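So that you can tell them apart, the chains are marked A, B, C and D in the order they are listed, and the count of residues begins at 1 in each.
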């Protein structure tokens, strides 16, 4: 169930260029059903819209969840100014994440781009727990923006690419994929729209799950701000990213 | 000269019902020319208008000034939430106060009503310093709203009235005035418009100075938000409270 | 809680607070947050004759004390709203107001005819003011003669009272209000959003894919209050007020200006519990400002 | 700093930033905060034919991300402005734009004639859009034919270029803009304030003594951007943009939408140093968004 609460910030740290890790404590983590769900944060009471941020990790025993975010505009810049001990107005967990309970894969490939990496971490942990082998490809702009490589490495093999080659392999994540053919049966991806499109084309034929982003309004499925088109013939014709997604099986929506 | 600076709150305390005392530190106190001037405070950066608050006391050596304010609405409510160590965006000192340098009185009467009392305190201190005898009449709603009686008593004789008689004399400040006839040659008053009007009528014939309030815009004399009419025949026809005032000699403006 | 009760054409309200059209879907999502029966009424998302997919995304953007939206009247069409959405709402004990939109008078009439016959619906809100679709009725909302014409025809077709939702994007709001009153409107609903735009400085293009969007939120409240205040003096039909409501003080301000009831829109996005919280807080706030009954507040600033 | 330079009819601007009319008086007060010669230009407070006292107080009220004002065109009258205010301004090295108001075409013409002949004045801003005085020209700002008529006559009477300041309180801003362009306007200035109201819940009356006031500040920025964007596509005369500017990003947004220069109004009340600070910050912000010259930004969202 989604709840709204003032969660306490118990940890907040810069982990890469413009990129922060924050841990929040409260009752909300107990409501998380799947990796890939998000929290919808009202950063300042005078804001008009909340900001959706993926749950990157959670610890129900400690009643905590972790988010990783990048400063992109006014909201995330204000978020980065918050301090441990401050409280945040959080609504969540929202949406449908990766269907972890029904995944039957033996070997999973995770492909994350930039600030699309966070939800894959919580997913990777749960896949590993289920005994599924995890290989991860992480794409970043350049060396300074790389984060969570080590964390993923503890869970499986990791490949890192940077656009300018300043770290890991030079180029886009898609350039690594051919080399991984045959080493996975299901893939999971999150990142910018162009990347998702390229990845799903490259990995056509595999079972795949994509986490999609769009500017949200309500975040609860009521306002139709976040729709994405479904393929011709679909009876509804669209999906709501905040409610039906953000995770969709490949082919369920048009990228 | 008016300056704008982030002043540090070094003291903040509730002193009566909904009434607070706050001490601010910075370069601004050095610019104060007269008692009766005010500071123009931007309480939150998202506010559209500053709030004018009189300078109730100042200590140039310690670089501090004191304000006394009452919660009347959104702005003053937000101000009351600020804590020592926080900074406030202050513009000031604004306006023309009591012409302390040219006052030639021997015995002064101060008449303050409610949150009009603050500027009279800084005035009283300076009158006393000049060797002028000070008698003060303070009017409040009821016992819980009384403040600064002791502070004024250190400077001269004090009479307190409350509307409901729960403390001091019952009634309005004007009821005390007849008893004080002959004990002063100049008076100074600050308070609600109705009180100023009544006081100036009762004390007709005396040299008097009134500090007037109105909703301000710019606070620097540029927007014409705060005008008050001058008597017929005045060449300009009006005065700006923020710039020509807030203190006017009786008769200079129409109450 | 009889203090909060009031009656308007077709509507017996247990309190004057309802969610605004388009900000509450068809209620289902919010029923997970609280019991919809607590609401004064529910105004549902616009219904058109056929399924509409709406505008491309992004459809929303934040602005200072407000937001822009250009959803573009996305909805499953009147038939599916009746068969798939209304049954759920009918389980709750709150009057339902159907927001009716269209591109032609015929479409308005068709939707009004069909949906007003559903027993769940207590009143229509005639949306002649959506600024976000070229074929969305905005022409009806900015031309008094057209507004009167569509009102007249919908009124004839409808089985339930008709509230006409006015656009603020006009020179003469009073003229619009009088025109639709004369054409038979049972009430008014005001205001819809103001046409606005925000640019993305990096892309050097409007953020909203539709370019312009409708501005809502506290930013527009002074405009809503002004328009309601002016219209209240000139018409004899009740007004459902909206535009930037976030607090009980805002609600009292709308009622004093002349609204009989209020709708809360964008604030549902900040806080999905807002309508319920405002309903709970209203009695205490009324007391604070010296009111015993909701009805005492209506038009109070005109006395 | 040639990067910031630009030319408009009658105006050689060293940067595109100026204070808006009514928010800067006649400059004197602000000259204590910084050297007025740093400004792109100065737009002075409205001048009318005779001294006007304006509306009763209170004249201002805060709103969410904005403020209401109803000053009511208080000013000493055109003759005293020329004799008492302009000499001071002429000491600075910044073009001066005189805001001209009136109740009748004759009054506009009289003021324009007199003030445009003062050597201090580089251009007129024809204020047909003040929402705060019954006899303040608002009728000229909401009727395209009247707007064209007053523009035509003022244009004839004026020795300097005329910028017409448009009211946003209209159904069709593009129609207004085209009408005054056709009537000879050299440029446009937009937007003036939106008519709004706030009630005092305790007194149950409007806070502003005049009842309604003009809404300004960041709240109205999306409306200003939308109107400038739409008008830019339809006219060939330059636009001075205004409405809610507080940051250099706001300025870039106005220029991209189609303004050639911008005016900063209410923000001067929050921060009397704002114009100077924005001028200082603009070059760095332009770099951040990839612009070398101010002129590259103008209308950038339309390419």
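We take it that a residue touches a chain if its C-beta (ideal position, glycine included) is under 8 Å from a C-beta of that chain, and two chains touch if they have at least 3 such contacts.
In this text, all values refer to a predicted model and were calculated from it rather than measured experimentally.
Enquirer: Which chains are in contact with both chain B and chain D?
Expert: For chain B paired with chain D, there are no chains in contact with each.
Enquirer: With centres defined by CA atoms only, which chain is the most remote from chain B?
Expert: With centres defined by C-alpha atoms, farthest from chain B sits A.
Enquirer: How many angstrom lie between the centres of chain B and chain C, each centre taken as the mean Cα position?
Expert: That gives a centre separation of 47 Å.
Enquirer: Per the centroid of Cα atoms for each chain, what is the distance between chain A and chain C, given in Å?
Expert: Averaging C-alpha atoms per chain gives centres 35 Å apart.
Enquirer: Quick one: report the Å distance separating chain A from chain B, using the average Cα coordinate of each chain.
Expert: A distance of 57 Å separates the two centres.
Enquirer: Hey, how far is the Cα centre of chain C from the one of chain D, in Å?
Expert: 34
Enquirer: Which positions in chain D are in touch with at least two other chains?
Expert: In chain D, 63, 65-66, 217 touch at least two other chains.
Enquirer: What parts of chain A, by residue number, touch at least two of the other chains?
Expert: 46, in rising order.
Enquirer: Would you tell me which residues of chain B are touching chain D in their complex?
Expert: 1-2, 4, 42, 46-50, 74-75, 91, 214-229, 236-238, 243
Enquirer: With touch defined as at the start, can you tell me which chain C residues reach chain A in the complex?
Expert: Residues of chain C touching chain A: 22-25, 28-30, 32-33, 45, 51, 53-54, 57-63, 65-67, 69, 71, 74, 76, 207, 217, 266, 268-273.
Enquirer: Would you mind writing out the residues of chain D in touch with chain C in their complex?
Expert: 63-66, 68, 142, 169-172, 194-199, 201-202, 204-206, 211-213, 215, 217-223, 225-226, 229, 244, 249, 252-253, 256-257, 289, 300-301, 303
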